[in-house]
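In the two assemblies presented below, subunit A is common to both, partnered first by subunit B and then by subunit C.
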Partner chain A sequence: MIMQKKEIIQTLTLIFRGTFGQPTLDLRDDLTANDVENWDSLTHMLLITNIENQFGFKFKLKDLNKMKQVGDMITLIESKLDIHPL
Partner chain B sequence: MSDFFVNILKPVIDNIEKYSDRNAFCIDGVFFKYADFGKTISKIRQEVKKIGKDVTRIGVVGNDDLETYASFFALWLENKYYVPLSPMEPIDRCLQMINQFSVTIILDSSHLSVYPENLIVPTNQLVFSKIDLEYENRGSEDDLVYILFTSGSTGIPKAVPTSRKNLLIFIESMVNEAYELTFEDKCLQCNNLNFDGSVLSYLYPLLFGASIYTVPHDQIVYSYIYGLLENHQLTTAFIAPSTIRYLRPYFNEIYLPALNYCALGGEGLSLDLLNEWAKCIPNAIIDNIYGPTEFTIYCIFARYNRSDISVNKAYNGIFHIGKPFIQTKILIADSENNEVPLGVHGELCLSGGQLTQGYLNDDEKNATSFFSKKGIRYYKTGDICFVDEEGDIMFVGRIDSQVQIYGYRVELGEIEYYARKLLNGLNVYVTAIENCIGNMEIVLFIESGPIDTNSLDTKLRQLLQGYMVPRQICFVSQFPLNNNGKIDKKKLIASLKGESTINEVA
Partner chain C sequence: MTFTSLNFLFFFTIVVVLFNLIPQRVRVWFLLFASYFFYIDLMPVFAILLALVTGCTYLFTRIIANSKSAIGKHRVLVLGIIVIISPLIFFKFFSFVNLVITTLLFRCGLHVSLPTSSYILPVGISFYTFMAIGYLIDVYNEDVESESNIGIVALFLAFFPIILSGPIERAGNLIPQFRKLQQTTYSDLVAGAKMVLWGYFLKLCIADRLGLYVDLIFNNIHTYNGTTLLFASVLFPFQLYADLGGYSLIAIGVARCLGIIVVPNFKRPFFATSMSEFWRRWHMSLIKWLTNYIYTPLSFGLRRWKMSGIVTALILTFIISGIWHGAELTFFVWGLLQGIYLSIEVVTLKKRSEFKQKFCLNKNPWYILISCVWVFILFSFSQIFGRCGSIGDAFYVIGKILNVLGKIEWLKLMPSSLGLFSLTLLLIKDFLDEYYPNRFLLFENKNIIIRHLSYAFILILILTMGVFDSGQFIYFQF
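What follows is the complex of A and B.
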């Protein structure tokens, strides 16, 4: 079954909240590391690992630089899941 | 004649003319030519000339832009020196530093400055009128080029002044003994400007007419660095091992044949990591470089042997640091500052032309960190080392409560000082442990039942650099004590790893 975008966002929101310790954090397409407290290289790595574990795929290093904002991240996750549907 | 003006300023000014049409900087994807750099230095210099001759110590906000790099040269041309103020650092800490060290003028290229208006020269708003790059050698070689701050246990950072002579001797040693660049080199600059590794990354390339590629502050550093190295085929890089460790999960995707030279330094370098990284950069000469800010950038290095990796020596898995520059004298000393025999562990002490004059306004620390022996002045690095039969220096560990976090030297006492203050005197202990990827991170133990630490975290972020803020907080109702009545640090740390049950982890 292919995951719907809405479900991806819901799952991703929980991952973000857990990673950055902010239980009320909501995602927007234009959200960037500048907008979220504690979003630095270390927490970014944890975020990436959490996303990979939750969705069951691995990002490529080149993918990481494509994700300038959360919207890019969602698009990328969608494309990864299209190739490897859950 | 060998001096700062002739050997450092003149080559850069000459390159501005000689390579005017070549790229000097690539900043956030935008290229600036040497001619642009010369114009920017000139316009800032016009403003610097308006500052009184007796005011020599000038703050520069360390933004990632051309104005910031140009400010350093504009100041040097006018016999002044810079104190970098990191935009990532809490403003309260920066204000404390500028008050403490009497900085009354700040060159600031920020669109919205956080500093009082009467202190700043807004370098991003200046208009270029004429080239002004003439230089005249005034002052002495003991005059300063910059002051950097290192963590201090009293809550006030220690100010380390670097002189023209210090910097010149470093550059001469680097050119003669380590690695020379050409104008065709493309060099990574990923270091924060309040870390002296940045001087190596921006000044050294400019001496050769090479190009510098910087990392914007709002980027995720490790993936951006990889993007620069690959997309622009960079040829040289100075990187901290912890950054390389972030890239480790992706090593099988990394292949950078254009990289000719890679210096790694700022913290212990694991030989395993080095062996793996070396495969990603198949054509690069790799140096492990060592040196405290008090001894100007670096003074000891070990070159990685690619042809026979079995000869690369390590102690406890940490690659050796090699031999000092010819102009650096080392002493491995016991607690009485006496030299220990070959092979015996002792504190690494450094002497030579790269040695700082001493911390500013800190006689107490100067008395304990520097000493003279047979007329030679030494700096006590706080690093335990030994020298092997081949004269190579092996790094063993830190002597005191300082640790390296992401290449920065951190005094754990400084974090304890603020945590204790914010927790109204509760007993605390701060340590650094290896996290899941092998990088060091800060852990704070609080002697108390669980309490809400959200405001502690927020306040610490206002007082300390991000990398100094504890990543984990643990509550322990009573700290375990050893036979001497001191906190049993081993037991505390073991409890964190689940090897004991004395604490509750937040």
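What follows is the complex of A and C.
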């Protein structure tokens, strides 16, 4: 079953809330680590692991440098899940 | 010629003037010449090593950039890292490895003496080695393009404001600036001069003043009681902050006077409310380097272990950081402690977040104060290991602090009392910048009288209270 972008964002929101202990956190494309409490290099790897487990794919080390903000993350997840935006 | 010498002030002034007079096309080569002149003045023979590391870095980055094969690129990367890091390991750990082997052989009944090295650690080698490795990895990861002009690569590694003790820069920030060196603007000159002035104040009026007391106590730990040792242990983190923070500000300010923006190294570390936040504010360029090139690959490789992987990567990263500071058990324990502190924080993150949200503690001033003090206590405790000459001395100091109380040696503190006054000024400034940004400005005040009175006040403090014969910066030894 192919996931739609909206579903990706919903799933990602739950992962973010759980990883950083922020139950009311909402995602937007330009959100960065500076905007979210507890999101730092230590917790970032927990986030990566949770995303991999939830979506069922593996990131490459090089991918990590490409994710500067949440929008980049969503684009990368789309490409990993082979979703091509219309 | 160090930053605190009069010669440096002459050198720096001449460099800034000439830099602005010469044509743009020769500015890179002029700065490269000035940087090597500065470095050679310290120890000529070590400039050869710097040039060799530069040549290797240039060669390996060019090969990686032009290689079509992924396996080939990876092999060149590994070879490049080994070649570039070898001199650092040789100079830093030769004596240590020698001692370990000799001791082991001795315990096996073999009295063998190995060849010894009488070389001293080339100043700045850690910093330019880290920058070279970072550049190599960034080119491999395609985060930056490999630079074809060897002059720019050489300047990146030898740039005189930062070669001795950082900040540890990344190629992605400095090399693009070196490609288009412009004349310095008035605002750059003023901003740079302000940083240099404040940096000298930190170094000469705080670090070196406090150092008179801290060094006296730590060099005679058997003479003083636990309370005095405790007081010196409390002062040492401030001395270190003012020393490396002051050095960094002078380096950043000097670079700014040439129109070059260098990354910051400290951001009011003693107002951090957790150890992880503390390490985002203390020696930031080193931590960023460790995060990018050691912690991230390690934790990424171990991520299948989930939390255990992160904890392992954290502890290993800080142990490496500790061993980099010195091949001694004290620095190993120092690194291990940082790793443990951060691991506990990351493991308890969710619980702590829930607790803070439940009791609305995020903006509670008492909670913030207690957190800041707690972070300071943890860091100061770890620094006892960083400051003592041996692990035995460190435990002796801790034991005495816990058991042998008494009166503080106030008389011994007299030469440093002016340092305490300056430290109070620094902490007030940091406090205002942290909690009331842009409200109580001195150097940046719009009123020209307040601004100039502030400059004059700090200058007078430096001239009247500064320690001008203390020698080196603490981080030169690393």
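A few remarks follow.
Everything below uses one rule, namely that the second predicted complex is superposed on the first by the 82 of 86 C-alpha atoms of A that agree within 3 Å, B and C clash if a C-alpha of one lies under 4 Å from a C-alpha of the other, contacts with A are read in each partner's own complex, and residues count from 1 in each chain.
What we mean here is this: a contact is a pair of C-beta atoms (placed from the backbone, for glycine too) under 8 Å apart; a residue touches a chain by one contact, two chains touch by 3 or more.
Treat the numbers as computed from the prediction; the structure is a model and nothing was measured.
Once the two structures are superposed, subunit B and subunit C can be ranked by residues of subunit A touched, with C on top.
Contact with subunit B, but none with subunit C, is seen for A:Asn34 once the two complexes are overlaid on the shared chain.
When the two complexes are overlaid on their common chain A, residue A:Phe20 makes contact with subunit C while staying clear of subunit B.
When the two complexes are overlaid on their common chain A, residue A:Leu61 makes contact with subunit B and with subunit C alike.
Note: residues 37, 40-42, 45, 61-62, 64-65 of subunit A belong to the subunit B contact set and to the subunit C contact set alike, using the contact criterion stated above. The touching residues of subunit A, counted against subunit B in their complex, run 32-34, 37, 40-42, 44-45, 60-62, 64-65. Residue ranges of subunit C in contact with subunit A, taken from their complex: 141-143, 276, 280, 291, 295-297, 299-300, 303, 306-307, 309-310, 313-314, 342, 345-346, 349-350, 353-354, 357, 362. Here subunit B touches subunit A in the complex through residues 218-224, 226-227, 243, 246-247, 250, 253-254, 435, 437, 439, 441, 461, 466, 471, going by the rule given at the top. Subunit A meets subunit C in the complex at residues 20-22, 37-38, 40-43, 45-46, 48-49, 52, 59, 61-62, 64-65.
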